[in-house]
Amino acid sequence: MTPATPLNSLGQPLRAAHARIPAEISSSADYERHAVHHIEAQAWRHIQGGCDQERGLAHNRQAFDRLRLLPAPMADLRGGHTRLDLLGQTLAHPLLIAPLAYQALAHAEGELASVRAAMALQAGYLASTLSSHRLEEIAAAAHAARDELGQGAPLWFQLYSQPTREHSLALVRRAEAAGYEAIVWTVDASVKRSGFALPSGVEAANLHGYPSLRQTSQAGARTIILGTPLADAAPSLDELAWLRASTQLPLIVKGVLNPRLAREAVAHGADALVISNHGARVLDGVVSPLEVLPSIRQSLPATPLLLDSGVRWGTDAVKALALGANAVLLGRPVLHALAVAGMLGVAHLLHLLRTELELAMAQLGCATLEQLGPDCLWNNS
Amino acid sequence: MTPATPLNSLGQPLRAAHARIPAEISSSADYERHAVHHIEAQAWRHIQGGCDQERGLAHNRQAFDRLRLLPAPMADLRGGHTRLDLLGQTLAHPLLIAPLAYQALAHAEGELASVRAAMALQAGYLASTLSSHRLEEIAAAAHAARDELGQGAPLWFQLYSQPTREHSLALVRRAEAAGYEAIVWTVDASVKRSGFALPSGVEAANLHGYPSLRQTSQAGARTIILGTPLADAAPSLDELAWLRASTQLPLIVKGVLNPRLAREAVAHGADALVISNHGARVLDGVVSPLEVLPSIRQSLPATPLLLDSGVRWGTDAVKALALGANAVLLGRPVLHALAVAGMLGVAHLLHLLRTELELAMAQLGCATLEQLGPDCLWNNS
Amino acid sequence: MTPATPLNSLGQPLRAAHARIPAEISSSADYERHAVHHIEAQAWRHIQGGCDQERGLAHNRQAFDRLRLLPAPMADLRGGHTRLDLLGQTLAHPLLIAPLAYQALAHAEGELASVRAAMALQAGYLASTLSSHRLEEIAAAAHAARDELGQGAPLWFQLYSQPTREHSLALVRRAEAAGYEAIVWTVDASVKRSGFALPSGVEAANLHGYPSLRQTSQAGARTIILGTPLADAAPSLDELAWLRASTQLPLIVKGVLNPRLAREAVAHGADALVISNHGARVLDGVVSPLEVLPSIRQSLPATPLLLDSGVRWGTDAVKALALGANAVLLGRPVLHALAVAGMLGVAHLLHLLRTELELAMAQLGCATLEQLGPDCLWNNS
Amino acid sequence: MTPATPLNSLGQPLRAAHARIPAEISSSADYERHAVHHIEAQAWRHIQGGCDQERGLAHNRQAFDRLRLLPAPMADLRGGHTRLDLLGQTLAHPLLIAPLAYQALAHAEGELASVRAAMALQAGYLASTLSSHRLEEIAAAAHAARDELGQGAPLWFQLYSQPTREHSLALVRRAEAAGYEAIVWTVDASVKRSGFALPSGVEAANLHGYPSLRQTSQAGARTIILGTPLADAAPSLDELAWLRASTQLPLIVKGVLNPRLAREAVAHGADALVISNHGARVLDGVVSPLEVLPSIRQSLPATPLLLDSGVRWGTDAVKALALGANAVLLGRPVLHALAVAGMLGVAHLLHLLRTELELAMAQLGCATLEQLGPDCLWNNS
C-alpha cells in the first residue's frame, strides 16, 4: 500500500530536510507551514490529528487566544532573567520539550537531533517510552552535548505503564542507569484508539521483547473496551503508590486535568504534575489544560505544575505562567522544526520561543518569572 | 420532472449501496460524507434538512460542542460495562435507533436492514408509523434476528396520532400483536409544513386505507393553520390519558422540550420521555434537547429520559448521559450508514459509536453508566 | 455613466419581473436570492445596504438568531386565530408592510402593486412620504382592493418632516383627505448621508413643489453637520406636540430605540411606537430593535409597539411578539418579492410569512397572539 | 534582493499616487483597499502587520465592533459643534493624526503632506521621532499651512527615548525650538522585535549622528533580551520624572493600558495619556485600549485621555468618547490615504471621518462632545 515514492499530505514527493533554515521562517507557525512538505502523508495526519471532530484541538488554542495580555511599561527590568528552580534543578528558562513518540517520523535522526538541540538551548527534554531511538542512546547524546557545551538542561524519562509491573520497572531501572533525572508517568493514554501503522524503519526502540496489550473484543461481546484487559489494566492510584516506592527519582504524573485527581496524585506521591490533555489526541471535546490550570493551582499552591498541549508562541508560555504554571512543554512545533531542518531547526525554534517569551515579559514589566501572575492578564470576562 | 437517471444532490448519477464498507470509514461523519453519493437529490435534501434557516440544526450541534469533558484517569475500571435497565428491559448499551420515516429513501431494504443491524449490535429499535415496510414485517425481521443471534434489544413502535382515535388504536393493537414492547407517541410534529413528495415505490406502508388530514386553508381564509382541523386535531393531554388507558404497554412520549410539559406528560401517564426537537425539522430556532435536559432531569428525577436530535459521536452520548439522560436515539447517521452499506453499514456504525462511548467512559474514569454525571463536564460558563 | 443596457449587481442584464412566481420559492430568503437578478445594480446596493461596516445589519439578525424557541406540544389550539386590535382597528394578523421608499426601484408598479397585495392578504400598509406614486393614488388602489375583496387592513401614512411645518401639515392634510387612518412620523432619519441618485423615472411623487433641505457645509467650515440648518431642523419633541395637536388621526412615532425617548414620545402624545433602527441604514453599530424591546415594553406596558428592522421569517414575528411587540413591519423582503413577481410576489410572500407564523404559534402551543410571551423562549443566557 | 521594478504585495508593479481621489472612495476602508496597490510589498506588510498571530489587531477591532450605539432622536441639536479644549488649546474636533513613523514608505512627500492636510482640516498632528522628514521641516510646513489658512490645530512632537538622556533632551530642545506645543513620550515600544529593513531613500531623518541600541545577545547567552542593555534601558518612571523636569511643554505619556500605570504616570508628572497598544504591533494578544478605557477614566476622572489603535470610522471615535476618551488618534488609515492620493487623500479622509463623527453625534442626540457618555451605548453584556 506504500507508494514507490513517498508523498506528503499535499500529494507531492516528500522533500528531504533542509541543510539550513529557510530564510522566511520566523515563528513556530512558519515551521508548521513548511513541515507539511517534509513529512509523509500518513505520518503527517498522525502527528497533526486530534481525534473525531478535533474540538479538543480547538479548545486548546481558544483557551490561549481568548486571554488578553496587559502590558506594564516603565517597570524596572534591570537584571532580568528567566531562570527557575524545578525539582532540585535550575533551568535557564521554562520551555521543555514534551515526550514526543516516534520522532523518526519527522526526521531520520529523530530524538538524537532534538535532544542535542534541547541541550544547546538549555531546554529540558522528556524522552518518550515510545521513542524511535533507545533511551540509552538519547541519554548518551544529551550527556555528550552537555559536556561539549558546558551547559545543559534536565533530562527526564517518560514512562508508559507496561502490561506487567516487572516490565514497567525494567524501563525505570534502565532510565536510572542511563542518567535520566526524573520519571514522568503518563496516565491519560492507556485506553485509546490506535489506527496508525508505523512505517517500516520506525519502531518503539525501547520495547524490543516487551509484551504488549491490544484491544481484543470479539464480535458479539457485551462490551468492546470496558471489562476487557485493556481497560482493567489502566493506570491506577495503586500503581502510582507502587511506582513512588520503586524509585528514588522525582516522580511526575502527566495527564492530569481534574483538580480532584491532581490532589490525589500528589497525596499518592507525585512530586509534580503535567497538566495535559495529550495534545487533544485521546478524547475529543476534552477541556483544555489552560482552562483548568487556575483551579489546580489554587488547590495545590506549592506543587510544581507543567502545562502541556497547545503552546505555540512565547506569549502562550507567558499566559500559562501567569495562570500558575511553573513551566510549559512544547509538542507538535518541535516535530515541525525537526522535519524542516533537523537539530538546527529545533534549536532555532527554541531560540525563537525564548525570544518571544522574553519580549513578552519585558512588555509586561516582568523581570523574572516570579513576577508573572494574574495581574498580567486583563479580566474581560 | 424526474430525470431518466436518478441523480444525487451533487448532480452525479446515484451510486448503488456498497457491498462492503469502504475502507476509509471510521466515524459517523465519514458515513455522511459517503452517503451523499447514494441518495437521490430530493430525498437527500429531505433527510438532511432542518427548516428555514436551519438554526435549529446548528443549536443541536452547538449544545454538544460547547461542553468540555473532564477526564479522570487512574480510576478503577475493572468489571466495567454499559448495561442499563429501561422500562423493565435490560439494554446492553444506551444507543437506540430513532423512529426514522421512509428508510427506503436511503436503501431498498430500508427498515428491514436497519432493524437486523440493531438486533445484531444489541441496539434498541423504534419503528416509525411512517415506515416504508409494514410494522409486522419489521417486527418479524427483528424477532428472527434475535432468535438467530441469541441476543437482541428492545423493539418499540412509534405512533403518530391518526385523524380518528379508532385508527390510532388500530395501530396500537397491530403493534401489540406484532410483539412491540412499548409505544412511543410523538407529539411534536402534527402541525408542520410538508413539501416533500415521496418518490414512486416509497410509501407509508402501515397506513393503507387509513384516512389522512391535510392543510386545507382557502384563499381569503382568516387563518391558514390555526382554527383549521389540522391544528384543532393536534395531540392533547386528553389524548395522552386516553392512550394510557388503551394499552398495557409502556408508553413513552416523544417530542418534549418544555419542563412544564414534561411534568404534565408524566402526570398524565407517560412512563418515559424522549427529549427531542424532531431533528430540528419542524420549528426553526428551536431550543436544543441538550440545553433543556438538565432542567427536565431536575424536575423529574426518576423518569426515564431519552435524548434525541443531534447525536453523532460517542462523546455526544456521554455528554447527554452526564446531563441526565438514560439513553440516546440515533437519527440521520443511521440513514447515512444505511445508504452507504445497508445492514452492514448500520451495524458498523453502531459498533463505532459503542467503541467511542466506551473509550470516552474509560477516559472519564466511569466504569458504568451510573458513574456518568455532571462531574464529567468542566463548567466553563 | 448609465450603461445602455441596465445591469444587475452581478453584472448581468436586468431581468423583467416574472409573470408568475418561480416554482422553487418557498421563503423570503428565496425571494432575496432571486431579486438580485431583477433590480438594477445601484438600486440593489441602495436597497440592500446598511451603512459603513454594516454591523447594524448584523446586529438585527443576530438578535433574532440567538433566541431559542421553546415548543409546547399538547396545548389546546382549538379556535385559534391571529387577530389583534390596534389603534381601534382589528387586524387579521400582526404583519404590516413598512413604509418603503421609491418602490419603483424594484418594480414599475411600485407601491400600487404592494398595496394591492397587502389588502388581499389583510396586511396593514404604511405608505412612505418618499413613495414613487402619489399618496392619493396609493390610497385609491388600497380602497379599490378593499372594496373588491370585501376585506382589507389598515392604511397608514408615513410622514417625514418637511423644511417647514406648513409643508409637513400639507402632507398630513392630504393623507387625511385620501383616507389614511393613522400618521406614522419618522424621527430617526433626518440627519444622514445620502449617496444614492435616483434613476430617471423614479422620484418622490408626493413632493413636487415642496422645498428640500440639503447638507451645505463649506470648505473650512468649523462643522459639517452640527450647527447647520440640516441638524438644527431635526425632529424635536416640540414638533411632536405640534403634530399631535394638528390632526385627529392616531399618531405613531417611528424610529425609537431608547427607552427614555419612548416614554417621552408617549408623554408628548404618541399613540403607538415603531421600535426601529431604520433597517440599520442610518447609523452603523446601532443597537437592534429586538435587543431594546423588552426594556421599552417594561416601561410602557400599555402602549402599542410595532417592531421593525430585520424581520425575515414567521419565527421572527413570533420572537418579537413574545418579547412584547404587538405587531411587526416587513421591509426589504417586500421589495425582493415585488421585484421578482410584482403584486403576486408580495401576496405570496405575505402568505408564506402568515403560514410560518401560524405554524410557529401551533408549535409553541399558542392559539392566539395574547398567549405569546417570554415563556415561549428558552432563557439560555 | 529588491527587484528592478518595485512590486506591491499583490505582485503587481507599484502604482504612483493618484493626482486626484478615486471617485468610488467614501470611507477609510476604501482607502485601505486602494492603498495596497500603491505601497511596496515589504513596506505594506510592515505597515499593516500586527505581530505573531495578529490577535491584538483583532482585539482592537472587536472592542469597537461589539458595542451597540443607542440613538436618541428628537434631541435639541441647535448650535451643535465638535470643539474641545485640550492642554490649553482649543481643537475644532477630536480627531488627531498619530505619530506614524517613516511616512515616506507611503508617499514621497511623507510627513510634509500629512501635516498640511491635518492643518487644513484642523486635525491635531503628532510628528514621530522616526519621521522620514526632519522635525524642523514638518513644523515649518505646519506653520506655513496655518498661516496660509488662518486656522490650524495642535502640533506635538512624539519622543522615543534615546540611548542617552543627553540625546533625548536634544530632541526635546529641537522640538521646543521648532514650535511644537507638547511632547508625547512613547513608553511601550522600546523592547520589541524589528525585522523590517528600511528601503533606500527612507531613513530616520531626525537621528543623524545619534547613537542607537540594538539587540546584542550572543549564542549561549543565558538570556536574549532580559538582562541586556536593551531591556535595562527601557523607559522608567525615573526617566518620566526627569523628562517632566526638563521641559515647560505639556507632557503626554503614550502607550498606557494598565490603570495602575496610568495613575503612576500622572503622579510622576504626565499632563495627559495616550491609551494605546501601539496598533497591536508590539505584543500579540494584547488587550485593546477600548477595553481598558473605562477603568482608566474611572481612576483618573480629570486627566485628558487620548485613545489610539483601531479607530477606522467616525462611530469608533464616538464610542471612544462615550467611554471616556477626550479625543482619538488615527493611525494606519492616514498612511492608506497618503499612499492613494497624498495630501489630498489625507484631507479627504479627515473630512470623511469628521462627517461620520457628526452624523453619529446627531443620531445619538449629542450636540456637543460633552454630551457623549455611557448613555449613548446599549449595555448588552
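Structural remarks
As written, the chains take the letters A, B, C and D, and residue 1 is the first residue of each chain.
As a working rule, a contact is a pair of C-beta atoms (placed from the backbone, for glycine too) under 8 Å apart; a residue touches a chain by one contact, two chains touch by 3 or more.
As the structure is a computational prediction, the values presented were derived from the model and not from experiment.
Both chain A and chain B derive from one sequence, and where they touch, under half of the residue numbers involved are common to the two copies. The most distant chain from chain A, with centres taken as the mean of CA atoms, is C. The mean-CA centres of chain B and chain D are about 59 angstrom from one another, to the nearest whole unit. With centres taken as mean Cα positions, chain C sits 42 Å from chain B. Among all residues of chain C, none touch two or more other chains. Taken as a graph of touching chains, this assembly forms a single closed ring in which every chain touches exactly two others. Residues of chain B touching chain A in their complex: 26-27, 29, 64-65, 67-83, 92, 122, 149, 151, 313, 315, 319, 351, 354-356, 358-364, 367, 378, 380. Only residues 52-53, 55, 59, 187-188, 191-193, 195, 220, 222-227, 231-232, 234-237, 239-240, 255-258, 260-261, 264-265, 277, 282-288, 291-292 of chain B touch chain C when the two sit together in their complex.
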